[in-house]
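Consider the two complexes below, in which chain A is the common component and chain B and chain C are the respective partners.
Let's look at the complex of A and B:
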């Protein structure tokens, strides 16, 4: 026990937490508990992102996935359930089907992970890598300027300086259309039905 | 600190130094939440008493009732820890801690003075907003697991309210970020150094209005009156914490007061210069520009008092609002958010963008302005920069 590698320690800790709670999602039969485990598992995954220095992706994970599960839990599960404490029973056929799908994905990922040679230690020993942790490049790329291309030495790869402005705009407009559509669908058709929606809250 | 502690430990046990250093940081931050709650609960009683023409606590611990919260805490610890028969035991027990953890995690990235911060994140603003939004998860779990309809109604209201108010809140937070050109809270705080006219709230008329929208949304997102529909005691008994008693109940309140302090701190840094006071005191004393470690420490200490003072003022302001305004109905809450806060925030965002484009330095000239912007982009390789980028970069100068 000369020196504990804190990075590995926290990597293992967060990894075990993520896997453990993911198992909890599979094995639990109560939907709300499942959602709770899912939130913890996704939270541990965001811990892994923070550990890797990807602060922006980690915060994104917290906001979108963890927060999104929350909304899913409330509006998808709790409002559609008929009784309190919904629990799901899984039939044997579903177990087999789930095991086949999950097992094949696990096999693919596992073989991919083991096919990398010496992925635990960097060649030439471990050295501290100084990285600039910033989301500026990401933002500039979305605004249409690929800042990372400035350091590109190969002139043939310099193409594509335009960045991702067009896809970004398309996605934004698409989201806006979806939001307006959702608001249109959810709007009360008759004036009489208006009270019903607010009564729930 | 870990390196310092290592000298005293025998070989093979030096990892304890890191554990101790980490523990010290955590305990310091937890104390901000816990002692903060202790003081704020006392303050809330005093403030509410004065507003209602009463005296508030006067007996426990001297003339002003200083130790009232401590006495309350002892009472809560000795109370029986009850749980309803039909409750989902695991979720019921774990819910207060979920709330508290979410509230506490925001403090990890909240700077108290220049570089006095748990973890200096490049995206600290985004992180704090994301984490504080998770506090509602504990409330929803509590409401669901209690197996009581009052609790469930409270939780559903809280969910609808918090999910709606995150939209204008996020838009308001973006405005100072846009002006500063950084999401790093330490940078944002440092860019407002100097006189109070450098504060972003006085940057332009749009930021001034944005602050009030932010404060309204922050009050709603930490579930404070007039937005405390989740615990509306006149209709829902006590809302989501109806079935809670004793220490678990008090943990919910620790989380609430912790969140109040955190959103006030975020407001203080984003709009009120954080640790940079109304007058540049640390600059006059030569503490901010010195290189001597003790002088820098003293400057930071002054800055921290300044910052905590602003936060306490923000929390007191929330109390003032709470005991002044009546509670809104749920449809009024939704109207406030969707018909007023969101459009105003969007308009202020656009206005601040246009203002920053045409008058980038604000009305008062600052020397350090725009130093963290994408200036490095031009220095790197100017001939490779596409046409639109120099326009952006030069405007920010």
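Let's look at the complex of A and C:
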């Protein structure tokens, strides 16, 4: 037996964890268990990101997604988890319909993923590539300077490799607007009622 | 043991992404709890993110062919937008729960004509 390819081993491990817990989210009907499975699935996905060489994105996945978004979701679960809402069952007909739609979608995506020969194999061994920390290059890209492909000779392709300063600004303002909107939407109801009462007076 | 020796390519990542995506779609379609639908959306976004990172990875594609750093940058944007989306959707869900004392999406048809 050859040496174990540890890259493949950890890919299999994290891939199986991610897919298995994603299936767990779908099949479980208990909302608290679903939230826990989702945490594990997204954590395993960050492991896949690390394996693909995207160290900064993997870290952000753990910090923003698992540490921020999912904690928010779990707060939502805890605030609404009352008797009948903890486990709501779906009717069998909807399960059949969902299985048909999901199965056909999976068949399409699966055939598309396996149909291109160039995607099947890795380029000449993983160990030849030296690891590079991506945080600096990502930060430069967000500020509008792409430093990752400076040696690109083709001017047409160089033009397509612009920075992401404008999307970065837009997403920043969007995040601010969204957070203000969320705080406004989720404000306590009593204050609104009192405000309406004073309006009437 | 052959699976442990074969090198990982882009298509392996695409398969994992496809499974997560389909799980998310089925979750969105079948769950009656509004928070369950939200979890389905998170799964869909993560499946897409796996694909972006796989296509941008230097480990899986030769440097001249991959989309380079674009994949990781777009994945970062997706993560931030998912956080924003979760915040707003959770606020709406809590508001709905305060007003109607339920999180069942089947009963959220008050705006229907």
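Following the convention adopted for this analysis, the second predicted complex is superposed on the first by the 160 of 201 C-alpha atoms of A that agree within 3 Å, B and C clash if a C-alpha of one lies under 4 Å from a C-alpha of the other, contacts with A are read in each partner's own complex, and residues count from 1 in each chain.
Throughout what follows, a residue touches a chain if its C-beta (ideal position, glycine included) is under 8 Å from a C-beta of that chain, and two chains touch if they have at least 3 such contacts.
Just so it is clear, the model here is predicted, and its values are computed rather than measured.
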| item | value |
| --- | --- |
| Partner chain(s) touched by A:144 [first = chain B, second = chain C, both, neither] | first |
| Chain B versus chain C as contact partner of A:73, first or second or both or neither | both |
| Which of chain B and chain C A:15 touches, first, second, both or neither | second |
| Partner, of chain C and chain B, that touches more residues belonging to chain A | C |
| Contacts of A:56 with chain B and chain C, given as first, second, both or neither | both |
| Which superposed partner A:36 touches (first chain B, second chain C, both, neither) | first |
| On chain A, positions contacted by chain B and by chain C | 1-4, 56, 60, 70, 73, 85, 134, 149, 161 |
| Complex contacts: residues of chain A adjacent to chain B | 1-4, 6, 30, 32-33, 36, 39, 55-56, 58-60, 62-63, 66-67, 70-71, 73-74, 78, 84-85, 133-136, 140, 143-145, 147, 149-151, 158, 161-162, 198, 200-201 |
| Complex contact set, residues of chain C against chain A | 1, 3-16, 18-27, 29-33, 35-36, 38-40, 42-43, 46, 49-50, 53-54, 56-62, 65, 68-73, 75-77, 79-88, 90-95, 97-99, 102-104 |
| Chain C-touching residues of chain A, taken from the complex the two chains share | 1-5, 7-9, 11-12, 15, 18-19, 22-23, 25-26, 31, 34-35, 38, 41-42, 45, 48-49, 51-54, 56-57, 60-61, 64-65, 68-70, 72-73, 75-77, 79-80, 85, 88-90, 94-95, 97-99, 101-102, 105-106, 109-110, 112-114, 116, 118-126, 129, 134, 137-138, 141-142, 146, 148-149, 161, 164, 167, 171, 174-175, 178-179, 181-183, 185-186, 189 |
| Complex interface listing, chain B residues touching chain A | 12, 14-15, 18, 86, 88, 90-91, 94, 121-123, 126-127, 129-131, 133-134, 136-137, 140-141, 144-145, 147, 153, 156-157, 159-160, 163, 183, 330-331, 374, 377, 380-381, 384-386, 388-389, 392 |
